[in-house]
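Just passing along the structure, written as structure tokens.
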Amino acid sequence: MKDRIYKIIELTGTSKTSIEDAVGKALKRAHQTLKHLSWFQVVETRGSIEAGKVDVWQVTLKVGFALEEPA
Amino acid sequence: MKDRIYKIIELTGTSKTSIEDAVGKALKRAHQTLKHLSWFQVVETRGSIEAGKVDVWQVTLKVGFALEEPA
Amino acid sequence: MKDRIYKIIELTGTSKTSIEDAVGKALKRAHQTLKHLSWFQVVETRGSIEAGKVDVWQVTLKVGFALEEPA
Amino acid sequence: MKDRIYKIIELTGTSKTSIEDAVGKALKRAHQTLKHLSWFQVVETRGSIEAGKVDVWQVTLKVGFALEEPA
Amino acid sequence: MKDRIYKIIELTGTSKTSIEDAVGKALKRAHQTLKHLSWFQVVETRGSIEAGKVDVWQVTLKVGFALEEPA
Amino acid sequence: MKDRIYKIIELTGTSKTSIEDAVGKALKRAHQTLKHLSWFQVVETRGSIEAGKVDVWQVTLKVGFALEEPA
Amino acid sequence: MKDRIYKIIELTGTSKTSIEDAVGKALKRAHQTLKHLSWFQVVETRGSIEAGKVDVWQVTLKVGFALEEPA
Amino acid sequence: MKDRIYKIIELTGTSKTSIEDAVGKALKRAHQTLKHLSWFQVVETRGSIEAGKVDVWQVTLKVGFALEEPA
Amino acid sequence: MKDRIYKIIELTGTSKTSIEDAVGKALKRAHQTLKHLSWFQVVETRGSIEAGKVDVWQVTLKVGFALEEPA
Amino acid sequence: MKDRIYKIIELTGTSKTSIEDAVGKALKRAHQTLKHLSWFQVVETRGSIEAGKVDVWQVTLKVGFALEEPA
Amino acid sequence: MKDRIYKIIELTGTSKTSIEDAVGKALKRAHQTLKHLSWFQVVETRGSIEAGKVDVWQVTLKVGFALEEPA
Amino acid sequence: MKDRIYKIIELTGTSKTSIEDAVGKALKRAHQTLKHLSWFQVVETRGSIEAGKVDVWQVTLKVGFALEEPA
């Protein structure tokens, strides 16, 4: 990790099943358009409720990735 | 979501197995006495330890629900 | 819980699989050298990313344990 | 303000028009079932968006009120 | 502490004499209407002033108690 | 809200007149280049002063919007 | 903005009508005795309640102003 | 509490004996030069240690007081 | 205070009687095994409840002490 | 500063030498692709360690810049 | 440090060159009108940007100083 | 970074010259007794004042290091 510059974006992943799955889905989507994803940090764990059960987990994370030099 | 009013309460769910299960148990209990549960937010994740292992997960969450008009 | 004194240390557990597993591994390691582990609190959930997936979950926790009287 | 005891509850008021109106609606609703409302503190200001405009202001507040002696 | 569910409420106790007394008064009042009070956490310590002296200590605390199964 | 992914950006809207107007202007501008704006949260309210009056309200907000699948 | 030094003070403005008015009144008062008021930041929005309505908005703000060289 | 303006200052009171006494001493000193002291909030409780005992309690508080109209 | 290095540890002291006593007991215990204790800061004040009264005060503090040069 | 809208992004600059240099490198990189950079705020200062020395300073900052009207 | 009372003020120092220089300039200015300056704490590090470089570092600090007895 | 466990300690480094130097001195000292130092995070920047100048910079940091398996 020399003098690289990183950008940090904030995403909310959602999942019917678990916190880990919501994180995984957010990273998978980010990977479609961004290279060099490097680390993440969970900043909020929320969810919607239906009939007394978790309907959708909503996990907000910060994701850091290395910027390339502009062409 | 028109001009409804929501109340937010704070609960701690506990579970031997996982964070998700502790959340689920807290919501299930709240659903027994409250209608219109709408969303939750995890505010603390703690636990007790026995013999070097997690004994009980203790997950504190805020739970929002719509208030009905008083009769 | 009489007039005991507790010490709180901060550990980061890591796991390829889940948040719960990372916590469990940190507690297992602490248990090898410390007696009387009593409670923990998750203070940060991060991770590294490889190929658009979580590579390693890094969960930082505070762990409290009762101090014994010095001999 | 002698040795009174206060309870603090958390409400989310909503309004199409303003932050002040959302607070006012939450207090009006609380007043229907609680006596002795004394003070409030805004803890979060959010909203939903429709067609690039604020659809509903959602203002979360803590509301303090004096408890009466039980009968 | 098996899979019990706890509710957490927020109270402000007041006292002419000390922080400890304000906490004690809030707990005493809560005990009149709630069973199974289990723990508290001080979240704010304020007060009013009269003639350059503390008039009333106002100590806000969160109080956790176990919920019973609904009948 | 199924397994959608949301991105959250941070904007500062400014207005000569009110907090609500500053939020509205930030959302209007975001709407020019982003689809699916869904929610916002006010994170800071500041302003500049001229001749003892508010010159410009500067309201910083987080804005969440659903990401589309890449083509 | 060269190597100037700023002082930051904390004020609470009050108003029967709105958050903006409470801020304006605090700045107007500060302007009576301080020169070079430059910026403000809202740090708390509270209020008192009468008959289920906001009685007085109490908005606390930090206000920054440039210090002059001492004579 | 009409449209008054309050100023909030930050003080650290010290005491050999208790938190309450440190607060009391800070208020007593503020009362020597400021009129209309109205409320305080404890923001930090620290202390120095000598020979394994608390030497001096250092309690930092915010103190609010009403501003008078300038003459 | 020249170029010394300090270590900060976190302890929870407990007491049946007061916050000050819980702090004192934590410092007394730390003093049994650590030299050069210098300062502390209270970071959390909690307690357990029995029969509507504080059973045990649990005060968590950070304690700083100067490190000696290794032999 | 009329009714302009600003966007705030989060970057991590890195440097072998100092905090200031890490900030400078992040801004230099942002300047390659963004116009109207206006202000920054340091939000985290971390680093990696090699052989008991700072290897790389990692300084995370928020950077605000004015948005242009879309063409 | 007997039972002295300290006042804490908040200043923003500015500098073209470094964080340390901005702190130094704020303290130098405070020293012109205040005696007994004792300690400071950095609470915010910001800056303005010109042509992709830091133009002015703006470092906000709290400064504590002992109050004298009034004459 | 496989399933390793890290411990995080908190140190305050001091220096007459700069923030970076204070961090460097804390790490150098930690390196004398701990292996595998991996990362640090600055958590507080304070200092003492003498004659209107910074006397000693006091920089508190968290330092993470990998734990070895016990023998």
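Order as written gives the chain letters A, B, C, D, E, F, G, H, I, J, K and L; numbering starts at 1 within each chain.
The rule is simple: a residue touches a chain if its C-beta (ideal position, glycine included) is under 8 Å from a C-beta of that chain, and two chains touch if they have at least 3 such contacts.
Predicted model only: the values in this text are computed from it and were never measured.
Q: Provide the labels of all chains in contact with chain B and in contact with chain L.
A: Neighbours common to chain B and chain L are C.
Q: Of the pairs given as G-H, B-C or I-L, which one copies D-G, with over half of its contacts the same by residue number?
A: Repeat interface, by the over-half criterion: B-C.
Q: Fit chain B onto chain G over the CA trace and report the rotation angle, somewhere between 0 and 180 degrees, nearest 5.
A: That pair's rotation angle lands at 120 degrees.
Q: Just curious, how far off is chain J from chain C if you go by their C-alpha centres, in Å?
A: It comes to 33 Å between the two C-alpha centres.
Q: Can you compute the centre-to-centre distance for chain B and chain J, using the mean CA position of each chain? Integer Å is fine.
A: One centre to the other, that is 38 Å.
Q: Where in chain C do residues touch two or more other chains at once?
A: In chain C, the residues touching two or more other chains are 9, 19, 30, 32, 48.
Q: Could you list each pair of chains that touch, in label order?
A: The list of touching pairs comes to A-B, A-C, A-F, A-J, B-C, B-D, B-E, C-I, C-L, D-E, D-F, D-G, E-H, E-I, F-G, F-J, G-H, G-K, H-I, H-K, I-L, J-K, J-L, K-L.
Q: For chain E, which residues are in contact with chain B within the complex?
A: Interface residues on the chain E side: 1-9, 62, 64, 67, 70.
Q: Can you tell me which positions in chain F touch chain G when the two form their complex?
A: Those residues of chain F that touch chain G are 18-19, 44-49, 51-54, 57.
Q: If you look only at chain C, which of its residues touch chain L in the complex?
A: Within the complex, chain C touches chain L at residues 9-16, 25-26, 29-30, 32-33, 48, 56, 58, 60.
Q: If you look only at chain K, which of its residues touch chain L in the complex?
A: 19-20, 23-24, 27-28, 30-32, 37-42, 63
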